[in-house]
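Quick heads-up: structures coming right below.
Shared between the two complexes below is subunit A, which has subunit B as its partner in the first and subunit C in the second.
After this line comes the complex of A and B, so read on.
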């Protein structure tokens, strides 16, 4: 009989679930404040140039409006993320289309679109740079001249950041390549992707001379916005207050961007003396906010006859857009995940992020890893083909195991067994049986079917020394009624933060799940437990909630009945409540805390880029089945199987929901979602022509877990949120290669791309797999 | 300005509004029912779904004038006296709502689907909900919730 109070590993009802299904949950656009005005943004219509003049259409009664320009900013004209290059409002020049220049506010929302159109801006246009290749070209215009101070370390004029990650015997690389049986080269590309949360970015800001700035909004990281406001308003932290409202999806798209829209609304609130709401419509959100970074990966790998990787060189490049936002850390995660879960005796990864005149790219679930893993998992299939092994066998000969070291030199101590995961995944997905069947049926059918898979891992928590720097803090307090309430800046945006943290506290405190509360994230009340990103909430924040709960329990222990060592239920919920009330009667309040303590064996050196990149990794094998219709040229994913080892699963229903949702986004990334850029402006900034998967487009998504408890998370949990974004795209393109024999190298892969390749000779976007016909990135030597 | 009289969740109301005002805004701003959400404003996402004379419509595409005399049901009209409708209960238990922004529309679409086909196949569920986008769930848990709701809503008639 399970303990009735046991909740971890079960699936209690989502904390805020009833409000959501009743339509009672309040998202930011559902809120209205007395005297509230509405804000709108006037944006640049060109990619790059100098602002020459701004004039106002005389037909519009401008005296009814409040107008904010860069000159109204009381502090610095900057949106701080990692650097200070990103202006809050453009003043003299613009660096991307849809860059904010002016802000308008008015009591009537309906008059704003005409007013935005009534602001006429003329420019002296400068040539723009729109791709990685244009940006890195020796004769490319320097996007910033002079470069902002933050960028001046760059060796190349348009480079945001570079990394060099070396592992093993790199001094010997030339020799290894000169004597290897095979050298396999490949180039792979991924496109931009829109987060497409169904609730657009939105905030309401208030200002008062005594209290400072308050922003309510749809966002992931309340303290990021606090720090942005401190600089824009030149106010101390305690006068910049941020309150998260119910958030209708985020996926990274509300990590860095709320600093922009939040600062804008707050400037309008200060100047107008009214609360100001800015909620973007879909077109503005898609054109003006961040997306996933487009990427280019180049692989060159030395391999032995028997399929052992001997050495590798990987060049990884991201298009960062016009300002740095979080690009350096996206690049870092992409770099560290580029080697995949394989053993590389010698490896050199050169990574760089280039500036272009596109709107800045930013955080999106996976954070650089889906890009580099796509390339590596496509490349592994290419190596297999060249060496004459199956994709499975090639991986088996190179997978990391316990006791091996990752490419950053981290010893694998997780007791994961990738060989076993691979066996189980291929078995349960009927990979071999289906391949055999398709080999029989494909020749006589216009529908070509195929199977493909990807093996990968994803690090949980901030990269490298990030968690040490964050130094997160968690509180748990007693309410006047004697109920424990968790205080964290970790936010709920669908992934289940509220629920899993309450489960952890409930289990630790031996209370029913329903008895534990979690406070709305309001920076005037909750401590900084770090941003809600990087698959860190369950593992890092969850562990802190566990420790704070233990500390609460210890403090209350003199008031609790003394327990025998063997009892599984040391006290009843009623006894806990009386103890809590007795403590409060004596002391007034009780707040227990826990601060992050770095595990002693998790060390990272930023200089050499070596060490333990993440406290723990989630490991996975994803298998895709596809059907390619050779008459319509459409490729469909017809079945999907996702197996992962994520430590203890805290809440099976939520965990499966996370994986399924991530896989759906990954299928969209591979086969549907294309950003069409016209001179840096997103031309298809509507749901009508940016296509995400509907319920009729997706295959059955079958999810399986292996649970090996990790020492780093509460009750053995690891991170889970980003992992499912990594595997689908390479698994699907591997399956399409299996179905058609064509090795496509770029995503998104749309029917027009398949049509082009199937009806013409090989060119960009795919490669011929016959070594003798191979394209420019392919060569083979026999020692 | 025109006078619009409609029945909203069983109550008759008369509102002064511009004739071309979107029914979505009428519901949210004039009737103060904010459970109906705007995701796209162009008829693509279904988060503004309501039932109009029993039909599922995207309220962002319906001019207020057209709603004159109509019977409208929003998410607020699905539960009775604070008690969850079986569809809502199943979405809650089965993980059919994550961020929740698509959920009101999804629940109305499910309601409409089950009126039309009391025993839909998986394919009918997939097609019946294809006008309602969800970015969080990958739909699997939503299908699960709908299938569970079929069992629950069938029970009274089976008895």
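After this line comes the complex of A and C, so read on.
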């Protein structure tokens, strides 16, 4: 029977879509409040040093301005994330370029840039460190030391966090390596990446002595900002109110950073007595806000002649920038995803996040997983080459299946079949046929084509015990008109939160999608349903919406017509509305709630780093076709096929959009987007020179789903948001190796890098070794 | 917006003559603004030093395409979209229509002008190598006089030109002599659209009896200004296209270019790719 309500599994138009398309949606810079002033930020011009003096250009009428320094902060000079190291405003010393030192506000926005330039700061400069290697060097300057309160994360100089994750028979590692047929080593690196949301970071703050602080802004996690404000202003939670305005993209870049800009605007509002707006321009946003963590992965793998992984050691290191922000959690996800969807009889993963004098790196779609998966998926191809198997066969011999355990010891209960996904993906992408064709055409063509793929999975929801700690709460209320309205702190920033949550409620309540409302996230009204991150909204918040909807329906059931259990349309929308109105007439209001309940079998031990890391995983095989032009040394992704198993697809159009967008972002990560750092300052902080691919650079992206309903999400949905960021980079570099024979190990891979490698002496590349003659010991350094 | 708009003055005289009068007056200096796709970027970034602007964007006197059987004359206000739409340019001067198609985005092409591209004088500008290959002539006007000069002599150094402060670029004239030539244009940018070139080549050549009878090569991003590769052309003149010729031409190209390392690429890469593009063109020329 067709679903007349067109809810779950259909693609109704976005809740906020019409307003966006018609230009009616109001982003923060579209808003103006009576008496509003504008704020600007004076930032450090050096990477590390002590502030010696601050002077003000006498040509500027400073009495018109409000100036905020660290001394004006009523509470703690701290932006709280997991640790307390990140200052709201630098006072005595700076730890990265573009670090906020002073804040200015003025009624006329146009005078601010000259005023910012009119604040002169001198420093006693100290040596900075800018790479993982410089930071971990034994003689490195101590640029960061853990506070005693944060010793749970790390006790070492320049080290934000370490993890040791062990699996299987690690006591026997030395023996396994000593007796293995092959040992394969490799080192892999990934660069920083800018989120490049269309709308820059921006907020408007208000302050009143009686009501406290209110911040309106473009952000992902209203309650993160509430908690940051509590500390900076020394106010109770109920006096820190955050309202999310329409948000033009985020990708993680508005997860932790709004705590900074939101606190800044609120300080200016308090001191000036006016609402204050701060909206960064692109150059300030790119130079001053977070990026994806750069990484280095070192793999050492023991393999048998027949291509079975026997044991592995993985060293995973992140560059965290100057302050810890969310780095420990990013490192955790990277660590847990490093083993990939493979069976490791014995595995030791050592992970660490190092401090550098770069602006703090932060959340970005994938959250550490794209970094470690890049390394693992490149390394699998290297192992295949050494052993003399195809990349496909090597994976087939090591992929996890139902009944196996992941590297954290989690039993795979999803009924996923990675072998089948691999077969289907290679088939539908014509992987084998194209490889055969390119083998014929490449020798006589200046354009070398190749095929590559990556097999991977991505956990949905917070890692480990994270969801238990979040303890998320969702409400559904009835409006006075008798319509259900969802109250969550889950935010819409283009990915479709509003739409899918309304679909879930509509389906559960047997109402048309149009009848369900969702409230603007305002912490004075919506409960804390957790942050909008970690591929958790559809699965975790969606499930809570489903349960709250059931509870609402139960409460209303005495007022609804009684029908048989089997009826698919138990009541009409009109009957629902009269029931709702009847209930409201009697009781005044109705709010149904649901709070997170951890599934009994999802257990995690933070100490040993073992257990069920995620309630569920999305599984995927991505296939890339590339063309490497030997005239220009540029690699282009010419076709892309993305197959994934994500549980029930709630909204096919949005889901496909998530995958296409993520793949595009992944292609940028692999081949285009490079942050050019000059002593810690991003030198290419403009879209002219930070090269994000355009539609003219992107291939057709073909998206396919397998849908195996999961018990954890509403109607069987799992998470989808981050997954597509993981696969493209390794698939593309695998394809480039197929096309050129060169095993590149680092992204972003720009034409200049390909040029250097193609024109350097051929003997220098390990790829020129005949795999079968490579001998048992095969490493980047010895080959 | 990093500039304070109230610090800037914009005047919009009705006619070309009135604009020239303002430029010649001692009220200035005034900077002409055509499409504004360079100047507005500088304004947004807080880098626009000049405070007085005179608009020439609306002047129909500068926006025309005039053809005779022998010549094509483009008003300096011709936009890239105008260039792309013109049938004579498409057939006779395809290097120019291709360069126009590379420039920025559609919105940019609707607004940006050929005159602005020339006077802005970026070494990476897309349409300038083609104008060098076609041996364009420029007509410069001022309240006092009109002069016509070969475009090849227009650039004096990095963003330095012979244009006087009271002068406007009026028009660009090309001879319709190139129908028999093979055309080659390739831009190697940082991406396929909205990109500044790392290297670009626009070249024309005519073969006779297997020998290169005439060849003209314009290039971007290989020196401090757009250049014609005259030494390379000399090496190729009257030569058959052989391995030896190609090697000599690559060497000549390297000798007369001075690419740089910058935020977008490296000198080594630019030099190698420029030589590769030249080689690609020569291979295409082979009978």
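Here, the second predicted complex is superposed on the first by the 748 of 783 C-alpha atoms of A that agree within 3 Å, B and C clash if a C-alpha of one lies under 4 Å from a C-alpha of the other, contacts with A are read in each partner's own complex, and residues count from 1 in each chain.
Rule of thumb we're sticking to: a contact is a pair of C-beta atoms (placed from the backbone, for glycine too) under 8 Å apart; a residue touches a chain by one contact, two chains touch by 3 or more.
All of these numbers come straight from a predicted model, not from anything done at the bench.
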When the two structures are overlaid on chain A, which partner does A:688 contact: first (subunit B), second (subunit C), both, or neither?
both
Counting only touches as set out at the top, which of subunit B and subunit C does A:477 meet: first, second, both, neither?
neither
In the overlay, answer first, second, both or neither for which of subunit B and subunit C A:696 touches.
both
Touch check for A:114: first (subunit B), second (subunit C), both, or neither?
second
Regarding the shared-chain residue A:230, is it in contact with subunit B (first), subunit C (second), both, or neither?
neither
Which partner chains sit in contact with A:281 here, subunit B, subunit C, both or neither? Use first/second/both/neither.
both
Taking the superposition on A as described, I'd like to know which of subunit B and subunit C A:672 touches: first, second, both or neither.
second
Specify the partner with more touching residues on subunit A, choosing between subunit B and subunit C.
B
The intersection of the subunit A residues contacting subunit B with those contacting subunit C is 281, 688, 692, 694-696
For the subunit C and subunit A complex, residues of the former touching the latter:
1-6, 44-46, 188, 190-196, 198, 263-266, 268-269, 272-273, 276-277, 279-280
Note: in the complex, subunit A contacts subunit C through residues 109-111, 113-114, 281, 283, 446, 631-634, 672, 676, 683-684, 688-689, 691-697, 751-752, 755-756, 759
Subunit B partner, complex, touching residues on subunit A are 11, 13-14, 16-27, 29-30, 195-200, 246-251, 281-282, 493-496, 653-654, 656-657, 660-665, 686-688, 692, 694-696, 698, 700-701
List of subunit B residues in touch with subunit A within their complex
28, 33-42, 44-45, 47, 74-76, 78-79, 84, 88-89, 91-104, 107, 125-127, 129-143
